[in-house]
Amino acid sequence: MTRFDSDKAAEIHRHLHAHLPSDPALRVRTLESLVTERGLVDPADLDSWVELYANEVGPMRGAQVIARSWTEPEFRDLLLRDASEAVRSMGFHGHATGHLKAVENTSTQHNLVVCTLCSCYPFAVLGMSPAWYKSTAYRARAVREPRKVLAEFGVELGEDVGVRVWDSTAELRYIVVPERPNGTDGWDRDQLAAIVTRNSMIGTDRDLRIA
Amino acid sequence: MTRFDSDKAAEIHRHLHAHLPSDPALRVRTLESLVTERGLVDPADLDSWVELYANEVGPMRGAQVIARSWTEPEFRDLLLRDASEAVRSMGFHGHATGHLKAVENTSTQHNLVVCTLCSCYPFAVLGMSPAWYKSTAYRARAVREPRKVLAEFGVELGEDVGVRVWDSTAELRYIVVPERPNGTDGWDRDQLAAIVTRNSMIGTDRDLRIA
Amino acid sequence: MDTIHDLGGVEGFGAIDTKAPGFSHDWERRSWAIAKNTTASSGTLDFWRHSLERMEPATYLSISYFEKWCLNNMTQFILAGDFTLEEVLSGRTDQRHQPNAPSSLQGARARLKANEVFFDRQIDAPPLFAVGDSVVTREYIDARHTRLARYARGKSGTIRAHHGAHVFADAAAVGDERAEHLYTVEFSARTLWGSSANPRDSVTLDLWESYFVQP
Amino acid sequence: MDTIHDLGGVEGFGAIDTKAPGFSHDWERRSWAIAKNTTASSGTLDFWRHSLERMEPATYLSISYFEKWCLNNMTQFILAGDFTLEEVLSGRTDQRHQPNAPSSLQGARARLKANEVFFDRQIDAPPLFAVGDSVVTREYIDARHTRLARYARGKSGTIRAHHGAHVFADAAAVGDERAEHLYTVEFSARTLWGSSANPRDSVTLDLWESYFVQP
């Protein structure tokens, strides 16, 4: 069967990289020309998608989820039991949240998420992944030297804190639930969401700043 | 100690590759300018070295060794016992032959030499290694799928022939002793040397052709 | 296949650029939008991944995520017969069709939600392992595409969760969308990396049943 | 360190260009001549190798052998303090000395022979293993530079030869030129790669004594 022909895929990759113009912007423009000329998608739909990711889909969604888990114990239970359902209940479901797991930081446990084999990420709830998450350096290092990686992000862990690294090797996706910082008693969900950083939901940030 | 500073080496590599002109010819010219201006070497000595490798140091040396081993049983014994001494006795010793091992092909055993970790090679007796020997593809594949590699070189092995791959991980270097082909009875050493290919001494050739 | 993509534990990549945003260029946004709004006429997600892994190793390490996606989507279209290599290299196709009418931002929202794909399946076979069990992963993997990362082969771990059966990546990558029981397995960092690792640290992977040495 | 150089068994590199000659360009010949006729004022061969391994992974896979040598020799000169980074980047040095008078082809021949370097050493410790012994290689390596390739870790093999003690690469790479007993160890291809390998095939590596699980 040609369709699952691994060696043919390798051969096509070699041809494409060798013969396309080297500028990635031109490569993408070429692909866009092909799919729009063929009528596989309307350019306006691509524009809408870009707008969607620019304005609506981003870590503010995940931050709302985390903030709600801090203020509503029942929602927190749901989030930890079935994070997919929890984000669905807030309308944040979609790409790569079908099998979502929420993992809790505690005073003695830190969680860090990576995908060493590609760059799996819960897009619909966290938006586009940061470039570093997709970098070879992060993918290679997070599982082997998580504490050095964390230090580069400014996170220094005490010796009493263990690190659990979640390598997203199947279709499960992970979101870290950071600890609610002291000094936020009585804050409402929007106030709380504003202090939840994207990195804290991946695990490259830990102690949230209440400024 | 700065001199054995691994991270510093990595940093210098990054600087050099990022900031030197990208043309490798210019990079080498830069290095030559520096070492000759500083007086570390005279350009004429570099010319001599190039000439040496162009005219005198090459697989014809190894071929002479192999041919002699076919015609002089005592030399063959020496070659298999102490290949460094054998090549030294012919004046072919030098770079990377201090700990040389000769490994014999038989009707049921084929030998193949590789250096997966860099590209170690017995230069003084075989000359400059071919580009494929230094390629990532050969280094990666020779230990894992030697029969597929051999097939790409036109060598098809019967099922009764085993392959032993020698990965040159220390300072030992290897030279394969191919089988003397039938139909060469009475040939003298120069005639025999003329049919010994470079690849047969690395193991990517097997049945020598007597034309 | 043990291709270059299997980066976990490989050393020498240097510092992480912790400040880089998700998108740096418009062409990255376009690459992403094309990837999520078009699809080749045949294939599986796992074959898509495997195809990306077949990029030349030097290229794989040299180019960015969105350029990889662009090249891999081109490759999928060519393999599926949707476009020829020549069409892609020339950037021109003479078969023109009318797309569906554009659907506005509301349509994009709907497409994002519709992208919530499920990989769990009902199978008859009962799970062979349970939470708390010790398992040992296989030392050798012959599949073309696998999710048993090299650094976690031949290692002992503990099952922390059972997720029912999920579509098995190794099989789906060759078009066989059968399911196997899927587990989250925790490995101590010392098991993976030796005694220099912190004894408090661990790594989990989500692994299918046939990745384990069978009981 | 498990850097990118450890290529044995990594898949996806494609066909071998079996016709490529040793040298294709004059600059390659010059790079080789410079490498073999100059040397940084301090260092060891094993540190030289380790330094090359610290090249960025994408660069390591992208550039050719002789370009790697050129860049690594520049790096050695800078680390040894023979040239500054600025001198190398500018290609100019203002310290000029008179080289020794050139020595003609006869001199090159002599230098080639003088390049026959020996790494065997006398040590007091008797060898712990003998030809025919089974050994198991270590699963974890903490050294920065090592010659125990990743594909041969945690594997059982048989000692085929004992070479006395040789300078131990892992130590020499950090300037400690002590020696250890060196052995040639044969591993069956099935031990290394699993049951898909040909049962008649094997791979040998030359390994120092401390690479083995100790008896």
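All chains are identified by letter, namely A, B, C and D, in their written order; residue positions are counted from 1 within each chain.
Everything below uses one rule, namely that contacts are C-beta pairs under 8 Å (C-beta built on N, C-alpha and C of every residue); 3 or more make two chains touch, one makes a residue touch a chain.
Please read all numbers here as calculations on a predicted model, not as lab measurements.
Looking at chain B and chain C, the chains in contact with each of them are D. Taking the definition of touch as given, a chain qualifies here only if it contacts chain A and chain C alike; those chains are D.
The greatest centre-to-centre distance from chain A, using averaged C-alpha positions, is reached by B. Remark: among chain pairs B-D and A-D, B-D carries the greater number of C-beta contacts. The mean-CA centres of chain B and chain D are about 14 angstrom from one another, to the nearest whole unit.
Rounded to whole angstrom units, the spacing between the C-alpha centres of chain A and chain B is 49. Separating the centre of chain A from that of chain D, both taken as means of CA atoms, is a distance of 40 Å. Once the centre of each chain is set as its mean CA position, chain C and chain D turn out to be 35 Å apart.
For chain B, residues that reach two or more other chains under the stated contact definition are 10, 14, 136. In chain D, the residues that touch at least two other chains are 1, 9-14, 54, 56-58, 61, 193. Inter-chain contacts occur between A-C, A-D, B-C, B-D, C-D. Listed in rising order, the residues of chain B touching chain D in the complex are 1-10, 12-17, 19-20, 24-25, 27-54, 56-57, 84, 88, 93-99, 116-119, 124, 127-132, 134-141, 143-144, 146-147, 149, 152-153, 159, 161-172, 204. Listed in rising order, the residues of chain A touching chain D in the complex are 10, 14, 136.
Chain C contributes residues 1, 5-11, 13-18, 20-34, 36-38, 42-44, 47, 49-52, 54-56, 59, 61, 63-67, 70-75, 77-83, 85, 87-89, 91-93, 95-105, 107-109, 111-120, 144, 147-149, 151-152, 163, 166-167, 169, 173-175, 182, 184, 186, 192-193, 198, 200-208 to its touches with chain A in the complex.
Every residue of chain C that touches chain B in the complex is listed here, in rising order: 12, 14, 57-58. Partner chain C is touched in their complex by these residues of chain D: 1-4, 9-14, 53-54, 56-58, 61-62, 139-142, 154, 193-196.
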